[in-house]
């Protein structure tokens, strides 16, 4: 018990002593960790946001179901119920032919006198406008709605929607790949730097072994040191990232209110937690592996 | 002359000797350079492409100029000439009211019998569709076209176009900022790694000075070594980047033919040249500065 | 305490540093290891210390085989041995005090014990006022004495010193050697590799002489060299 | 050759390594520098070599002031001096041959010259067969002899050796010292800091004794120490 306590005390003392005395090495390690995690954080934020934007864009896809003429209220109600029962449908809105004509007339401008020239007749059909909760099911939903009695025709921007899905899928893929690459790069950089700092201290490590220290006795302070440096780097990265992201998106939403950006603090805190953990973990694993190479004497 | 030659020979021998013998240090330095330039390259490619896409999207903006009724061919010609003379206009196309009606009818579907219900009258006006070579001038061009005699009304998606310009401006800004940050990070990482490798060899450097070597005698081989490592790292980065980018965009254009991506090889070669030069330069400057610190004995 | 049975050490580059060495050192002995530069003295010491493994032969230290020893038992072996390295091997980023204290921390000594014992040994080697300096700030002889202090601090059962007086003046050398003799009288086995002829010839202890990797002489009450 | 006028060296941590030293060493002299460990011998040598700058006083080497010397002239000073460092200072990633050759490359010697001269000096210190080994593969004495070979290779006008025989046996030490005497006879000024009483007492050359930073004795045909 006393031994354990003494050991813990020793480990902490040693780690902090070393942090104090190896200023420049520590700066390099913590700096690299900060920079790497910062880059990784940018990548993750890009992914999260492109994902979010893609999703928002996708969920704006709508299906127009044009109806046969001469349906009564009961028919409409029946059709509506059936549409609402279709999987993936979120919201159904009825658009009467009058509403449609008014919208059309507005598009031509007041001067075009569309209504007068039509002479009281309205060539447009009634319709339902359908929003999807699951945009990917738009094609199948449209097909099954089209088969309903009373539905004359269904439109959902065929072609364009498919293209859009492909595009968003690719954007997701590319941003994921970039994120993955940057992740690998971060790990490489941090591992390399820690190995270099250990390399600079390799003689120190072997002297400890020569004086009779066990592997763990040598290792523990280095591990703690690695963790602290990783944490420090991660903290800097998270702080800079958090600050600049909230400033940027704040400004962005002011100027471009329509653009969807992730401002959900739970998501961000999650991300920052992840980065922080990654920093500590990398510091720990990095020093473990690096110190290991120089313990074999 | 003999001395110079001898010196050059010495520098090359030393640099290659050191490259051979300091395997692990060299790998770290070249690896970091490769990773950093790779990340930077990704960032530059993202910027180049978002720029290119923004530009393509912007240049699709068009102005519809709706005309007064009852203009004859001469009037039309005069208006067209004036429109074409407006600064920033690239292309002008005449859209007759018949064409407009046909398009409209097609949108309602064959069954809607729009033309019949209109009873031969056509409420739509003639129009010019105008493409801009300089999309940013769309607002001013629209205003001056609107003032032309015979033009009833001008539409160009007011509001949406402004929003879009804002959006693309922001995307550009953000991607530039990200690129700038990654650039700074790359420089930091490469500089740190070179400093660490020099740190590991600091005793060697001072011993050389103690034996009577001049600063330049010590420095030259290190500089050459730094350049070679920088070049090696850059080469790896450029190769990986070039290969994966062309594979990716090739695939992308197959699947999403409508998406504009930069495939202009002159642009890419330019970028790769830049990265390569940056690698060599960073290696050179990095070793110059780092070796300098340990020369003062 | 130490047994070598027909031990050879060939380095990977072909140098035969030790060839068929057989020797026994009993507990409580005081032994000088002599021989010209490159004879294999440090190699022999490195083998005892398990810094190198022999190419051939068997080595026992304190009754345990060095060759069959598991990696995790090596620290325990080393803690029994107080070792003065020829190249000192001080920790560069620790003060004199911390360097000596480290050897105590390694065996699990408590802070009180360390605070008491370290100044004691530093006093002994005459470095009490240098306690807060770093190795690079010390003279060659001072560094050597720190290495000696570190070897003594845990009161080892076996003390090995590789050229412990190479950077010391005669007076200081004698002080150190006298102290080695004293701890030897208290039961510690002492093995000293040295070129200090005057000391070896005066003390007349057991002398093992190496030459080109071979044990060429092993005599009690020996001298540095026979007249040739 | 070397003039010290009232030179003092206080290290930043307050240690007074050298106090008011005044001494003159003429061209062609052979001088021993003696004194107990920590007396200031290495400090004095470091000042000549401009590894350290004095706190007070004036130093001339070869007629030029060390203090007023520009940074870019320091290499030229050092090239005139063949220096054997107490801690050897060999380049760890170069072989014995390359370490010695480096000192020649520094002064701009050609490859032919190097190929001829380096084996010559390695022969002299008895390390010809060790030419392709790295410092970490050498025994303590062998490393010291590489340092000596490097100091000799350029036939310097001033040879300074800091404890050059600390890791050498008597026979090898004498060989080295004899060679130092020989090059001294050919005109090279020699300054040796040493604890090797036997050698100093036998040669009876000029002896400068330091104690706690002060020059306490400076006599021609001196000995290591007077009976106290």
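Order of writing sets the chain letters: A, B, C and D. Residues in each chain are counted from 1.
The rule is short, and it goes like this: a residue touches a chain if its C-beta (ideal position, glycine included) is under 8 Å from a C-beta of that chain, and two chains touch if they have at least 3 such contacts.
Just so you know, these numbers come straight off a predicted model, no measurement behind them.
Taken together, chain A and chain B share no touching chain. Among the other chains, the CA centroid farthest from that of chain C is the one of B.
Computed from the mean C-alpha positions, the centre of chain A lies at a distance of 62 Å from the centre of chain C.
We define each chain's centre as the mean of its Cα atoms; on that basis chain B and chain C are separated by 67 Å. Arrangement of the chains shown, judged by which pairs touch: one closed cycle in which each chain has exactly two touching partners.
Going by the touch rule set out above, the chain pairs that meet are A-B, A-C, B-D, C-D.
If you check the complex, the residues on chain A that touch chain B are 24-25, 28, 31-32, 35-36, 38-39, 42, 46, 66, 108-109, 111-114, 117-119, 121-125, 152-153, 163, 166-167, 170, 174, 178, 181-182, 185, 188-189, 192-193, 195-197, 199-200, 248, 252, 255-256, 258-259.
Here chain D touches chain B in the complex through residues 49, 51, 72, 75-76, 78-79, 81, 83, 85, 89-93, 102-103, 105-108, 110-111, 150, going by the rule given at the top. The touching residues of chain A, when paired with chain C in their complex, are 2-3, 6-7, 10, 18, 21-22, 203-204, 207-215, 217, 297.
The residues of chain D lying in touch with chain C in their complex are 11, 13, 15, 34-38, 41-43, 86-87, 133, 137, 139-142, 144-145, 162-163, 166-173, 195, 197-198, 224-225.
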